[in-house]
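Letters A, B, C and D mark the chains as written, and numbering starts fresh at 1 in each.
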Amino acid sequence: MIRVTIWNEFRHEKTDEAVQKMYPEGIHEQLATVVGQNYSVKTATLDESEHGLTEKVLKETDVLLWWGHIAHDEVDDAIVNRVHERVLEGMGLIILHSGHFSKIFKKLMGTTCDLKWREDGQSARLWNVNPSHPIVAGVGEFIDLKQEEMYGEHFDIPAPDELIFISAYPGSEVFRSGCVFRRGNGKIFYFQPGHETYDSYYNEKVQRVINNAVEFCAPTENSRPYYGHYKGEDRK
Amino acid sequence: MIRVTIWNEFRHEKTDEAVQKMYPEGIHEQLATVVGQNYSVKTATLDESEHGLTEKVLKETDVLLWWGHIAHDEVDDAIVNRVHERVLEGMGLIILHSGHFSKIFKKLMGTTCDLKWREDGQSARLWNVNPSHPIVAGVGEFIDLKQEEMYGEHFDIPAPDELIFISAYPGSEVFRSGCVFRRGNGKIFYFQPGHETYDSYYNEKVQRVINNAVEFCAPTENSRPYYGHYKGEDRK
Amino acid sequence: MIRVTIWNEFRHEKTDEAVQKMYPEGIHEQLATVVGQNYSVKTATLDESEHGLTEKVLKETDVLLWWGHIAHDEVDDAIVNRVHERVLEGMGLIILHSGHFSKIFKKLMGTTCDLKWREDGQSARLWNVNPSHPIVAGVGEFIDLKQEEMYGEHFDIPAPDELIFISAYPGSEVFRSGCVFRRGNGKIFYFQPGHETYDSYYNEKVQRVINNAVEFCAPTENSRPYYGHYKGEDRK
Amino acid sequence: MIRVTIWNEFRHEKTDEAVQKMYPEGIHEQLATVVGQNYSVKTATLDESEHGLTEKVLKETDVLLWWGHIAHDEVDDAIVNRVHERVLEGMGLIILHSGHFSKIFKKLMGTTCDLKWREDGQSARLWNVNPSHPIVAGVGEFIDLKQEEMYGEHFDIPAPDELIFISAYPGSEVFRSGCVFRRGNGKIFYFQPGHETYDSYYNEKVQRVINNAVEFCAPTENSRPYYGHYKGEDRK
């Protein structure tokens, strides 16, 4: 069974009434409900020791979900490096919403990961542009969200290895809102929905995508390739 | 000097008053004006002998522009094959607007090239999602068109080698409206604007993109690789 | 359970002693052994009525394997079109070895699919260049084949959506020998090994790759997107 | 005229006789000869103040070439960040040979950029797998180098945006030896040849590729997109 760890900054929920109301136990607990039916789930948050991401926890994690926003800078560089190494080793990583600006995502992308944004209470439509991909299995042509924060292009990322969703917003912005990246032995999925005051993680299609992505990002059985001085191997 | 041939179906202009008014000499003549300042230009149309695309014309063409719509089926398969071979040999090909459904584009893509469409007189905004690309040089963040036909996802093409533009429409559709493909020694650019009753080819940014694309799609000096039985070559 | 149909030209086996010795029941039967442990398997061959690929057979096929060589031209265009449509609808397609020159592969790619080749009884090493991909699960860094036909670059295909293997040959040729393509709702995997007089389909790693590829190419539950005139849908 | 800055670590040349003999004035001076006929050229080296890469120098650089090997760690992080920002702003970057392990390349890639290597005085053949690309204009099917260090897969980089060369080595290794990446407004080209004791930078085809790459990586006239809070813009 795939072992999922859900990491949440868990700050908005403690101070902002609208967020408390939307996610009374924290965004991580709602996400745990979303993926807990199919996978073995743990949670971890910023204010725990080592942010809850000890060597042991990461070693026992197949796929890590990441939600952060106002405290990206408080994430310790040593922990970021530890997560980075685990991704290259094969751990899947699902970066949600404002996690686009996390240290770990920026480190993996090599770019600023910046974008345009606007919190206006308006809707979003995420178009499926990759119909054969397992991440969109069962999702159909698009996902409608009554309210989602606008994230607009240019999104300063490398061209994704696989582009899955493109979002449309009423202000005529567009956004590459579902993107797959492969780095080392690891698979990464960026998924845009999840503003803290909106109900995106209660949406069934969003939930389906996150479950599909867990399955997709899970490591294969290959270990890391050999690197370094190589005397060669005789052909068999 | 890059030698451009502009191919136009040239049917709407003969029968539809709105089109006549917009493009009195034909869409090809307006396109000739667009690229004629920088490149050597010829035109060719469906009703000419061999559709104006003789062996000689194609041999002397570095980049071919293609506009077609209501008469795709009237294009002779032998001419389609001839263009196909020239593209693989290195000739650039710029497919405009409803040319997405031309025989040559479908043959090069291997898919239906189908899409959603709606002619509603509304606007389009084309977002530049590839800011380092020469095709968008001087174009800035987006192109606004007051009126353009809606083309919506899913666009049934292979994932483009380079995604350049994504369009937003007021109906909340999106579209991969600028796409680069490499096939054989040839470079292909699909560009969405150009509905026959709207003034897209008078738009300066659209004109800039088309000129940039001519430059980008022009062949390099490489000839086709060798194919077939290969005895190998000694390392020098 | 994934339903696999294995298509084989089945001509060499009837006339060539070396091939008879290697694959006494035909290449399709050896492939049936390879994938039959995990999946529901049927076979079909060129000389059957409709080449064994009736509407019914294809409708009930999730993944089609394709081996052909000397009789590509005998495959009926109507059947090629039927397979093409099923791939775009979502059926997986695994093209083996000299199937690179089949009508169906060329139609899906839009290019000549030509290459360099040499049958010299020498070895091949296929390097895994995509370690996070499910197709190489359990395969490790490379596959060694004592004997395989040399296929060399330039391979005239579109850049694959995912490059999985690169082969090295003693003559200092290289080849993109494992390539994933997505077309419509379908996933396609090209895999180089399988010259009719060599024992590649008895190699355990080759067998593992083919099984992984069946899993990977199987359709998801999505139906084809809507195409055509679109009045739009209200945001929910 | 494109302004090129050539950065060289310039250490081997001071201590190793074989390198002194091969590149008496330093690798940077040989590279300056290579690109100096077509472009405006400056050089910069590790032991200069700010490694020769002051704000002013970088601001006036369109394309930066980078050669480093034994002293990657001595490159100041502040300078690495400065180069990184300039690349995202649009400066081209050409990473040569052992520069694959430089801080700047690893920062831009987000991976270890590790590989297999062997210095055995044997040959390399670089196959052109992207015949329509301007970087290979005039280069033909392959480049033969009598001696080049073996760099072998797996090369721990993101899948390149454009794969240009694949190398073959006598030990049956392969390597993605010419790779284009786009990051922010910048274009990056990694090119494998250039071991310090071999004569690769005297090879005419290698020289042609480097010149082509300078042309390709030069910035376009677009400035960086707007990022941050966005009130939107009315459709015109």
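Quick notes on this one:
Throughout what follows, contacts are C-beta pairs under 8 Å (C-beta built on N, C-alpha and C of every residue); 3 or more make two chains touch, one makes a residue touch a chain.
Just so you know, these numbers come straight off a predicted model, no measurement behind them.
Using the contact threshold fixed earlier, the set of chains in contact with both chain B and chain C is A, D. The best fit of Cα atoms from chain A onto chain D calls for a rotation angle of 180°, in steps of 5.
Put simply, the chain farthest from chain D by mean CA position is C. Taking each chain's centre as the average of its CA atoms, chain A and chain C sit 33 Å apart.
For the pair chain C and chain D, the distance between mean C-alpha positions equals 37 Å. Shared contact sites, meaning residues of chain D that touch two or more other chains, fall at 125, 128, 130-131, 141, 152-154, 159, 161-162, 170, 172-173, 182, 184, 225-226, 235. Viewed as a contact network, the protein chains are fully connected, with every chain touching every other. Across the complex, chain C is touched by residues 90, 123, 125, 128, 130-134, 136-141, 144, 146, 161-162, 170, 182, 184-187, 219-222, 224-226, 235-236 of chain A. By the touch criterion stated above, chain D contacts chain A in their complex at residues 88, 107-112, 114-118, 150, 152-154, 156, 158-159, 161, 171-173, 181-184, 225-232, 235.
Touching chain B in their complex are the following residues of chain A: 125, 127-131, 141, 152-155, 159, 162-163, 166-170, 172-174, 176.
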